[in-house]
Amino acid sequence: MHHVVLERWSRGTSIIHRRDPRAKIIALVAFLAAVATTPDSCAPFRLPAYAALPLAAILAARLPLGGVAARAAVVLPFCGVFVVFSLVAGETQRAAALLEKSYLSALAALAVAATTPVARFLAGLEALGAPRFLLWVIQFLHRYLFVTSEQAQHMRQAAASRGAGGGFRFRSWRLRAASSAIAVLFARSYRRAEATYRAMLSRGFQGRIQLLYELSPDWGDALLVVLGIAVSIGLRVAMVLPA
Amino acid sequence: MHIPDGFLSPAILAATGAASAGGVYWMSRRAQGEIEESRAPLLGVMGAFVFAAQMINFPVGAGTTGHLLGGALLAFTLGPAPAVVTMTAILAVQALVFQDGGVLALGANVFNMAIAGVLGGYLLYRLLGGSRSRGIAVFTGASASVMVCAVLALAELRLSGVPMPPALLGVSMGLFAVNAVLEGAVTVGVIQALARLNPGFVKESAAPLRRPVLAAVALAAVFLASVGVWFASEAPDGLESLADKLGIGGRARAILAAPLPGYDAAWFGNAAVNKAVAGVLGAGLAFAAVLLLGRILFRKKAA
Amino acid sequence: MTDPVVQVAGLRYRYPDGTLALDGVDFRLEKGETVAVLGPNGSGKSTFVLHLNGLLQGEGTVSVCGMRIGHETLTPVRRKVGLVFQDPDEQLFMPSVLEDVAFGLLNSGLKPEEALPKARHFLRLVGMDHAGEKAPYHLSGGEKQRVAIAGVLAMQPEILVLDEPTTFLDPPGQRDLLALLRSLPQAMIVVTHNTLFAESLAARAVFFERGKIVGEGTPRELLDCFNWSLPGPSRGQPPPAAGSSGQSRL
């Protein structure tokens, strides 16, 4: 499954993996902001220069380039729709810009996600001031994603083995079957949440979850922030320099 | 409708980002309850449930399938503030782990799907709750939540300058309408099944709202803002003159141009800036409506 | 005779939906003793277990190490009683194994630099020290169960309560769990449908039916009395009719 691969990548030990999550988040936002503020009228052959930053990160992190590049392509279906829209409207240059900007942004986001375990990412977000409660909800969501998806998968197989799969026509009983499957999944998840909460109480939970890892930024992190911002601004300015 | 990075203009990103940050901060304080993090496991596991429920496809016809979005379902069961937080968590995981929706665009996606969609749908559900059939309230609320998300997302894209030829736009709105109807139908089915399993799962829709008139006004404001943003993008003249009168247009231009002196001046033409300002205004209006709505809904709980 | 570590008297509990789950339970657990809890589904075993550290509070009294469970004693009682639940996925909720084992330690007020070595120690005790950085979903059922037990042991409880610990384990996993539990000094209450497991672990057993303890003795005696095992192929004869039926109330 997708997030299992990402999780494996994120547990590497490269120079990028070891950076403070805050430094990576700040560098990522600087890069994304540079891309986002680049006008769509910018020459389409200049935009690929932005790839330098995410590619450098991916190579320094020793991630499989092909795998990361393919994974970033998940944005393409959405882009495709609006590329068609732009082409129909006769705006070829915008079509190219949308495609390039969204792919480059996804590549950069993936370079950070694939080098930062979710728990550390959340610790970084907390240190940057995100609401603790929301971060804990995200943490529990991520923890039970796989468990609950597996349950849904089993239910789908059970339904398919009773002949519910296939077919192209809309049938109301199928909608009803899907509804009750979702309701059962809901009830099970609710019970699981209660059981998890009981397990937490049993181990002395009193309303506040403690963090185990302290973040300790070093000079490498400072360098990453400075480089990330400087290169992003440099590339951004280069985009609009007269040829 | 997860908008990736690279589509939205800086002004839209800033406006929706600010609106979402404020809204989510406020909603998460409401949702966490008296004991600090004790509801985090419930909301997290239910978020995982929505992820999993999205895997259960149902046929739309002609070989295509749809799936549940789940925001309205969460609002009708866990309540509006927890639903907002849970949907926000889902969108964050989709952006960070699955690259589904952009990182900078997370603000816009949260605003559309977690805040406006959930609260709009919930409010409609509560307003119709007094009628004879709960099914009607559930159906309308869930369908509306999908339509609000879709209209807002398309409006934000249009305001960012993404061209939308009318014919293609009509087709996509049609698809969204089908999705909205399905969301309504499936949510009704799930709510009925849940009520059979354990009536306690479903939030009572028949309980009278404290201030139904204000709630109706707020709801109308949300829909007007959604549609208004849309029209503003098609004909920005009205809002343009308004923005210029208020002096916002010039200031926004100065702020946006300042940090990067080499900025392409042509791109900063009047039309684009004013579209962006219209977007900021529209989104701000919608957000104000949502805040108002939340205040009415939650006063009772807080008391 | 020393004081019992757990003493339950006249415990009754009714669920909010009206179901009477416990109907007058009396129970004693001596220091260092292991007791198996047997009985049909829905007979109140799990409800009983939830009363042992105050997750549910019914009528009657539950005392742990001389403390009567009430609002003021919840924190000390939960440190004395370690509860291991049936599904380890519900118990391992933190992002990594090490953080999960440290969860209880941090709740009891330890600083991270004190909690980490302790958590590592208890992971070593259950033979999982290699997995500290792993995420729980990369573990097998048996490994998850071991980590869950390490997380509970880290609290250094005097009583260990296990609810259906073998459900997600294959026979080698059950064997390993048995060896681990036998090596622990704590008094134990083990709820199980696994008759072999009960016989190998506990000298004494109680049998629940309809919210009451209806039998007490060695596991073997109860299994025979309540006709509580599968017909073994070696016996070659139908199981004898028993005095009491193990009717399910689901």
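As written, the chains take the letters A, B and C, and residue 1 is the first residue of each chain.
Assume contacts are C-beta pairs under 8 Å (C-beta built on N, C-alpha and C of every residue); 3 or more make two chains touch, one makes a residue touch a chain.
For clarity, every value in this text was computed on a predicted model and none was experimentally measured.
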item: Arrangement of touching chains [line / ring / star / complete / other]; value: line
item: Contact pairs, highest-scoring chain pair; value: A-B
item: Closest chain to global C-alpha mean, per-chain Cα centroids; value: A
item: Chain whose mean Cα position lies farthest from chain B; value: C
item: Centre distance in Å when chain B and chain C are each reduced to the mean of their C-alpha atoms; value: 46
item: Distance between the centres, which are taken as Cα means, of chain B and chain A, whole angstrom; value: 20
item: Whole-Å gap between the CA centroids of chain A and chain C; value: 40
item: Per-residue overlap in chain C, given as positions that touch at least 2 other chains; value: 93
item: Residues of chain B touching at least two other chains; value: 41
item: Residues within chain A bordering two or more other chains; value: 118, 139-140, 142-144, 147, 192, 196, 200, 205, 209
item: Chain B residues touching chain A - in the complex, by the definition given at the top; value: 2-10, 13, 24-25, 28-29, 31-32, 35-49, 51-53, 55-63, 68, 73, 77, 85-86, 88-90, 92-93, 95-100, 102-104, 157, 161-165, 168, 172, 182, 185-186, 188-190, 192-194, 197-198, 201, 260, 262-264, 266-267
item: Complex contact set, residues of chain C against chain A; value: 50, 53, 55, 75, 78-79, 81-83, 85, 87, 89-91, 93-96, 98-99, 102-104, 106-108, 112, 115-116, 133, 135-137, 151-152, 155
item: Interfacial residue positions of chain A with respect to chain C in the complex; value: 4, 7, 11, 117-119, 139-140, 142-144, 146-147, 192, 195-196, 198-206, 209-214
item: Chain B-touching residues of chain A, taken from the complex the two chains share; value: 2-3, 6, 28-29, 32-33, 35-37, 39-42, 71-72, 74-75, 78-79, 81-82, 84-86, 88-89, 91, 94, 98, 100-106, 109-110, 113, 118, 121, 131-134, 136-145, 147-149, 151-153, 155-156, 167-171, 174-176, 178-187, 189-190, 192-194, 196-197, 200, 205, 207-209, 233, 236-237, 240-241
